[in-house]
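Order of writing sets the chain letters: A, B, C and D. Residues in each chain are counted from 1.
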């Protein structure tokens, strides 16, 4: 139990920033550049760690609560989700709801922290963030419903259990394919990736997530970046397990396969970011609603 | 029983001694507060005794009115509704000492206290009455006291209008209940409430519709919520807390109690409630997002939360109809727990909002800002309540929503063709949750964070201790339920057994609803947050907050340039345009060098202002037209009516 | 004697028609007075010269034939009006309505069983017809005086019916009828006086301020 | 004893005509009212059923008598205060008229003979005409004229109805031809049906006009609106009850003849129509006293519905009669106070009564809640009992219709009453002040209604049951 917990956390904490590195690298390769080293994210974090803080006089303690919650929540949420074939350290009936709501908590404080600066830009980002997540959250729920329908339990661990392999080959395969797409889109929204958001540009009025953390600095910004990386990995774990439901039975090979899957996901994100442009802002809700309809369709398929 | 009775009497008449005191003396209000507190403690003892013994306490006395007996019964189902009542009433009465002091309100302070006590006592009576007559009486005393609470400031047009709408809504509901109880009397043969599961379901459809109308009106289930926003906005904050936190729940109680009478439940009852619950939840919160009056906003959240409660209850009914005990237990437990939870965090929200309003003097969110710096404690308490009402861990809102979610997921395990649709509750709940989060982060962010948007907001001051301590108590209760939900399991189990008339609540808290795990995660989350937070605050303590917010290069940012509540919500409001029909005035920018322009948006109530109001205006016009024709002042016509009556009656009788 | 009853009742009906169709107030009042006087003969004709019948006849003659018409004539003399102007429903339509209701009364009366001794009389239809004519007068006219006249005819109709019962019923009620009629019309007369003093007219169209 | 009850007000009326002192004349009213109440109490408590073939008391009339007497006593106390306010008007007419009115009402209640009943009711009309004309202006004369004409026509129709019933006995054959109620009831089965039915129709329309059932109610808003508050109270609470009693006599007769169902149908129909019309007329009613008049129409409708349904609902209707009389007293008296204070009864001037006149305004508001059947007032009990009767009979749609109409009434009435009572206090131009004499009666009425709502003493319940039993089908 304890060992499993430690392994779980170690995988998460160590590998998470790497995903960003892989994405950047992929994009660089697509652009014909060599790009930053894979470990650039780690360097960035270390640099931020050493820096001092700069606070606006408008801010209060809520400003710092954002990074704190943003870092803590993915950490805790990761305990509920299996990493590939490695089972989740904590698993109980209904933990999928907790999983969703933990991220909601983190969103609450990130947005509050943005509003604390009193900056109109950050307010704008905050408004967009909550709007889009309103549309993404039901989709996530539909996806989980489909998964729950296919399993015989209500915990993430059972939802993402070994039965998925047989499910892919059964009638439910189409549904699984659909929700995989949905989940990928949700992942892109939640982690502020192109085509919904652009993590690379700063000071642009069309941004969502990055604009909310404009005023953060030093270790707090580091926590946010690290938290975002963790979040991406946790959400990615969901996707990876769904896409590659194999298991070998030996923990090391399982872990490696999981990491490989994640890397593949990162490459995929990188490819998407390279070949697509950002959507116009009014288009984003339309895409999200479309995704939701897709997931509803998937649910109907398995309920029928 | 004696404890309960003394509790009812003490709280009911808490405001009476004040009537005999001087208009500006402190004695009356203090006495009222002490009496209310004593009454609440007495009631609490009664509830504790009942829960301890595991049974129920009752009183049955003859009463010299037709069909009436003084039948009181306190069982766990009633106790669930009682507990938040005591806490809210007690905290509200202490809070009221400084929020609405007699000295500053010589005109209406005594009235407020009188009806505040009366409504509390009446609610207790409503919850314990087991005779239709007694129930209706207590019900109406409660409703009328509510009216007087809403019109505390009757000199204001807004309060009068809200009061009138409330009064007609509640009375119409009560009339439906008259019919309901008359029919119950017809079915069961007496006005005494029948035991759980004793009535046949045959012919109960009309009764259910009547109950749904009457109780739903009180509960504020959309589209019967018309009275709610105005009423909660107009009443003093601690009265709003009581109305919104406790009184509207009596509607839920009525529905729960009423449905318990029937042996089997037709499936359409549950579906109706699910549908209404989803509509209330989604449209309620969408309307809330569009508001910029903080109390109206909170009132719409009551609609939303009633929607969530109705979702849970609908699931429970479906569980009964389809004979799925797990669904029933989870649905009902979630519904009942959410009743308690909403009572706690909504009261806290109203009280803390009241504290801000008291300090700043406006309810307009767009006039506030940066209040957290002036009222750190109020702000922190509000934040806690906001997190709780958004259904986020580790507070109580999450626990009840989680139970309802679990209930909604049950049909997946036992796929029967029709019941499968009930899983749609879960995404509906998710949407509601996400929107609620958006709304509360907006309120908290715009009111408490950023820079002050008006002079009054700059001069705000922290509330006195006698207002903060009651609020803190409510937050502690919220956290208690969130972190130690297992302590409430016996109560919920008892209530479920009461309702279903079976011994089936044993599964709650076990493996299929592992509250223990949730609580563990809650503690873990809290510990981690505390650790990281403490560490971060330690390393950042010495950093001066000397510079302004980065304005993306713009040097002259002013507080007025901040995002406002309206602009924050604009995106979502436009998404929900199909249900809100917001009005937008101005804002068009024309020309190369646009001049000064104004923009305002306003979201009237969809049902009241868009549908009912025009209908009523039309009906009133028609009535006036009709009566101008009928009663036209010419006596010949009146004689003609008499002649016609004679002719018609003769024709009917003789031919 | 009995054979005289039906012609008498016929005369009563004709008077009804005249009143409905005439605009001249004085003539109307006089005709109604004649109607009252004729009705006073009715108890004598139907019951013979008994004490009760004579008393009733005397009362009816005094009040219906003399006192009340005199009061009314005095009232219109004081307010100087002669004609009913602009009735709500014109004279010809009123007349037609009157004929229709009279026919209706006859048809309706056929539905009601009669005591054997009343079979050949047309008491019941006449009573109803007179009543309805009175009602018509009340409904279609604007002048307060005409309305009182209508009321008087209404009472006349009831009186015709009461004659049927006068043998069977105690005097007291019959006296009551007359007394009441008197008091009623008397009080109305007072009110009419008040009206004319207040409005300097007795047209009831002025009396339409109370409406919705 | 009963005779004394009827005659002594006449004697006092005579005394009032002779007395030269204003105050003394005023005070004759409460004195005689109190005395009447005491005597009525003794009569009601006593067991003499019918002291003569002409007058007597049965369970129904006992109930109406005590209610009317109570109402009258309250109004009489109020009258002293009211007449003090209106010294310019004089009380030479109103005091004797009030006393004659009392006597006539008592006679109508006690009458055991249809002819006597009819005469007494007619006398009430005549005696109340000067009461309505009290204000002596154009509007009051118009109201008086309409009242007089409509009620006289109505009463004439009632007379015809009585004659029809007598003729029914004549045609029916084997029975003494008498209008004595007990004789008629005993031989009811022999009455000729067509005549009885026609007689019932005329009685219903005739006394219904007096009672104010729609569509015969047209005089009500005008008369109640223009009469002083206490006269309104007496008309709405007392006279309507008396007229209702007269209708009940006819219903008794029909029931005894075995055609009760028919009579009840007619009552039910007119009751629902009254409720509907009242509801229509109350919407946005700008005049508080006319509003009360329509409320009276509404409650007459409820009474008719109660009796029309029968069974438990009849019991409810009996209770409703008591409650309605008392509440109407409370409402009209307090509305009268408001009118005197604001010198208007229209909403354009009347607002903020609660703040301006705490007692009268408060009583008016509470009276409104009571009259609309809000628990815990007595009218709740009676309306609910009627509803229980309706639903117990299985007539769900009638019950729902009634509920709907009651809701409409509430919405209409609420708007007017709340506008009148709530709001900022107003600076009054008149010298009016709530004085003891002016507020004690409405307050007491209100308390009684409240008490009746939470506690029905056993003797009263028994009396109500007996009264209701009289209207049920007799074996």
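Rule of thumb we're sticking to: contacts are C-beta pairs under 8 Å (C-beta built on N, C-alpha and C of every residue); 3 or more make two chains touch, one makes a residue touch a chain.
This one's a predicted model, so the numbers in the text were calculated from it and none came from an experiment.
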Chain whose average C-alpha position is farthest from chain C's own: A
Pair of chains joined by more contacts [C-beta pairs], B-C or B-D: B-D
Centre-most chain, if every chain is reduced to its averaged C-alpha atoms: B
Euclidean distance of C-alpha centroids - chain B vs chain D, Å: 43
Between chain C and chain A, distance of the C-alpha-averaged centres to the nearest whole Å: 98
Rounded Å distance, chain A centre to chain D centre (Cα mean): 77
Centroid distance [mean C-alpha coordinates] between chain C and chain B, Å: 68
Where chain B touches two or more other chains at once, by residue number: 624, 627, 630-631, 635, 637, 639, 650, 654
Multi-chain contact residues (two or more partners), chain D: 145-146, 149, 153, 194, 198, 221, 281
Chain A: positions in contact with at least two other chains: none
Chain pairs that touch, as defined at the top of this document: A-B, B-C, B-D, C-D
Parts of chain C lying in touch with chain D, wherever the complex brings them together: 111-115, 131, 135, 138, 144, 147, 151, 154-155, 157-158, 161-162, 164-165, 168-170, 172-173, 176-177, 180, 183-184, 187-188, 191, 194-195, 198-199, 204, 207-210, 212
Residues on chain C engaged by chain B in the complex (per definition of touch): 88, 108, 111-112, 132, 135, 138-142, 147, 204-205, 207-212
Contacting residues of chain B [partner chain C, same complex]: 624, 627-628, 630-637, 639-640, 643, 650, 654-655
Footprint of chain A on chain B - complex, ascending: 369-370, 372-373, 376, 383, 387, 390-393, 398, 401-402, 405-406, 409, 412-413, 415, 420, 423, 426-431, 433-435, 437-438, 440-442, 444-446, 448-451, 511-514, 517-518, 520-521, 524-525, 528-529, 532-533, 536-537, 539-540, 543-553, 557, 559, 561-563, 567-572, 575
Partner chain B, residues of chain D touching it in the complex: 145-146, 149-150, 153-154, 157, 194, 197-198, 200-202, 204-205, 208-209, 215-216, 218-219, 221, 262, 266, 277, 280-281, 283-284, 312, 315-316, 319, 354-355, 369, 372, 374-376, 380-381, 383-385, 387-388, 390-392, 394, 396, 399-400, 403, 406-407, 410-412, 414-415, 418, 422-424, 453-458, 461
